[in-house]
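Paired with chain B in one complex and with chain C in the other, chain A is shared by the two complexes that follow.
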Partner chain A sequence: MTEPAGNMPIDAKIKPPMTSLLYQLADDDFILAYRGSEWLGLAPHIEEDVAFSSISQDTMGHAAMFYQLLADLGEGNVDSLAHARKTSERRNAVLLELVNGPGHYLSSAQYDWAFAVVRNYFYTQAKKIRMDSLKNSSYQPLAEVALKVNMELYYHLLHWKTWFIQLMQAGGEARTRMEAAIGRVLADFEGVLNLGPLAKEMAEHGLIEKEEVLKQRWLFIMKPVFETVKLAVSEADLAMKTGNGRIGEHTADLDDALSTLSEVYNINPAASW
Partner chain B sequence: MLKTALEALHNVKDPEIETISIVDLGMVEQIKVEGQSVLVKLLPTFMGCPALDIIQKNVEGELGKAGIFEKIEVQFIYHPPWTSDRVTETGRIKLKEFGIAPPPKFMSETGEWHVDCPFCGSAYTTMDNLFGPTACRSILYCKSCRNPFEAMKPVSTMM
Partner chain C sequence: MSEALFFQEMTEEQKYGQFMKRINAGEKIEADDWMPEDYRMTLIKLISMHGISEIMGALPEKEWVPKAPSLKRKLGIMAKVQDEMGHGQLLLRVAEDLMKPLGKTREDIMQDLFSGRLKFHNVFHMEAPTWGDAGLIGWLVDGAAIITQTNMLNASYGPYARALKRICAEEVFHAQHGEAIIMALAEGTGEQRAMVQDAVNRWWEALLMFFGPGDASTTGTSKQDTTIKYRIRTKTNEDLRQDFFTKYIPRVLSLGLTLPDETMHFDQERELWVYKQPDWNRFKDIIKNNGPKSQERLGLRRTAYDTNKWVREALNTAN
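Let's turn to the complex of A and B:
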């Protein structure tokens, strides 16, 4: 359906870091969009339901574009890349796969809105920094996709930042719950900022800037926001407590999500959607 | 033949806004005719848009109706990215007829934007939700004629 990027031959040395980066970008957006879709009907108010589902739909669209770039490099078709890969083959950050809260979206869901706001805001800002860097990627098809993603991301970032600042400044229960959520998110945020074992090669080939540069940029951009809401966050707070998704370490939350989301696909993997 | 193809594409409407064609939405980047084959390159408005498959089928259908093409191909490309300033003047009028305010032509440096009510033309409008029923639209409210309305979201590479 899309224009093949295959007309650009890719060097054998560049391919491993290239596909590694694309799997991370695709899997991050894919699983977070899925978690977002579970919120449908459960958001704090109806306008938020409209906004959050629209954001999740855009994000799923971004994942589809990254999977398409992988398909163009001969990694398989988009549907199987999204549905048929096992937990150990996934490269998303662990933070993004964690459940929204206890319960199931069909019954007795006790989802935590503070966790949704913090996870989405921090991630969206990191993704924005990544896309800005990718606009100058040496791999032209990726640079073009980044430009497109970036335009939609503008609205997502505005949305989550607004929620974050308002809830942080609300005081009371909102502040308490937000601070708890920030603690949980930071404890695994290093897993989002890290680019995996081939990070060095990615930078050497000009696919994306150095991991450390992107991380410092995230801290730099977040600093004034944290100051506004009177929150002390330092680099030392960033950790990877639950595991490194970039090397295939994941939680049972991801197993459960994959078996739910691929249920229909697995009825007939050869079907055309 | 190119003219026939373009005419056919004018008959392909946005599946959710029946007054406006994909040409007036600025989605058609290129029409390439070679012998009896035609290749149409389209720019998706928003990537997750579920209407893309329907649009592709409708393009193939309309070009098929023309009866002069043996091979019809439709591709979605990302580059150049679709931006809201690609909507034509006719497109802006058609959107308004449907009750959707066309995307603002101007956005301030802070990213704020403003649109007039598509029903009464009043500038006295407020943003209700940046996100609307589809990825490309926002929901607003006119304080003058007291109607809720939708507006096409501005999208630019400057963002």
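Let's turn to the complex of A and C:
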């Protein structure tokens, strides 16, 4: 087991893949929780508003735990990691930064619930697989966080899966909208499954399993679900059309999101809020 | 059984007499119990307004959820607004049960909101342009809400009293969350302090209005006499406003903040706070959805409701 920072310095060879992995985990959850928070008050019904905001809150909590692990490795304090890094420094998958739909979250929002359901469901399943793998990570502090995250993920997954199946089986307009959303999500889902340029080193040091293993696991778990809703999805449908967030490629959607979420922080980053 | 038969044979007047006897004895009325029309209608109006206000109340804070300046604050405000939505849900369920005999549903509540028949609290029509407002809403608006809701904790209508018990427990956390934001700002930079003072100035009149007019002479109507008669509440609007002053004025002043009312003082002899009345005509106008943010927030809700129509239809197909 690798010792946590603070007890002894981490092996210089392990640190780059380790921080690379942590940035991906933290940034993925952070930006998706942000997108979730924009939905507040706009979900299809009040019960869903309560459930979805609870999930977003959990997800933001997970991001905070991952940022804390980075802070423990000397990467800076959690709030500057979350608020002050530029677009090109972010390592989240591009899919997770895309806007919820047309309009602004305070005035003209016409958000797409089908996109919300598909993006959250597919991502949450991938995250669950990742956390299961991380429970055995050679980096003990990460394994401990994964264990905590996993407890909440069970409910998130159940929630999104229920929505997914229900809307897919409703037929009509719902089915059409869901299929369109699935097309959009798959077109960038490779970017979620991707672990970036240091994936090989991550696996070599036992931080997480191999990217390909995790990807096949996702396909394997999703297969019966796709069969249930009579949808043909194959590995060839997974793409990374809009860019690879793991190497800092991002869209203008992320620029806008970062300027909103850091608006107050940027009034005075040194101040206590 | 025989008692039930006996009850059926009573005249409306006898039923009313027995109902008032139960209320005055401190008994709880439950959803399926007989109740006078007047009581039912008063409760529907009060509880659906309370419920929808919790939901509309998420919107002024919504702006600040993504913008909260640290991870801790982001988590705090997310939790808080989620609670408010949960309160809305809880209360609408209580209102729905009361509306059932009238053949009305959640859909009617939403349509009444959009058409302006169902009003929401004056404070949620107001602007919240800075992070200072986000803190102030938690601290003083929720603080005011605790005072009005505590006043109804022993409400004669059981389902409402039980919902309020849970709501009040959570509101205490909200007020602490708001107070923590305000304290950080008040102890912070000059700019941060100015942010809080601006928010206090901006919200003061709306906070006074929050408790409602002192009596019917101010705005033409007041439900407070009916709600007191039916033991839904105990104190008057003015009692509650005075309680708010007593609790919060010392706290506001102790942070070095000022109140935008030079006449405000405690009259030792009469043992009450003397203050400048808010503009009650403006209050009437605001709750008619003519406040600074009324139309924008209703529009946001309405657009979301329309955009998600297909989802509700799909759920109806599935069920």
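The rule is simple: the second predicted complex is superposed on the first by the 266 of 273 C-alpha atoms of A that agree within 3 Å, B and C clash if a C-alpha of one lies under 4 Å from a C-alpha of the other, contacts with A are read in each partner's own complex, and residues count from 1 in each chain.
In this section, contacts are C-beta pairs under 8 Å (C-beta built on N, C-alpha and C of every residue); 3 or more make two chains touch, one makes a residue touch a chain.
Remember, predicted model here, so these are calculated numbers, not experimental data.
Of the two partner chains, neither chain B nor chain C is touched by A:K230. By the touch criterion defined above, A:Y154 lies against chain B but remains apart from chain C after alignment on the C-alpha atoms of chain A. When the two complexes are overlaid on their common chain A, residue A:V145 makes contact with chain B while staying clear of chain C. Using the contact criterion defined above for the overlaid structures, shared-chain residue A:E263 touches chain C, although it does not reach chain B.
Between chain B and chain C, more residues of chain A are touched by C. When both complexes are overlaid on chain A, the residue A:S54 reaches chain B and chain C alike.
By the touch criterion defined above, A:A64 lies against chain B and chain C together after alignment on the C-alpha atoms of chain A. In the superposition on chain A, contact of A:A109 is made with chain C only, not with chain B. Within chain A, the residues touched by chain B in the first complex and by chain C in the second are 47, 50, 54, 57, 60-61, 64. Residue ranges of chain A in contact with chain C, taken from their complex: 34, 37-38, 40-47, 49-50, 53-54, 56-57, 60-61, 63-64, 67, 78-79, 82-83, 101, 103, 105-111, 113, 166-167, 169-174, 177, 260-261, 263-265, 267-268, 271-273. Interface residues of chain B, counted against chain A in their complex, comprise 41, 46-50, 56, 74-79, 81, 83, 111, 128-135, 139, 153, 155-157, 159. If you check the complex, the residues on chain A that touch chain B are 1-3, 47, 50-51, 54-55, 57-62, 64-65, 144-145, 147-155, 158-159. Remark: chain C residues 55, 58-59, 62-75, 78-79, 81-82, 85-86, 88-89, 92, 131, 181, 184-185, 187-189, 191-192, 296, 299-301, 303-304, 307-308, 310-315, 317-318 touch chain A in the complex.
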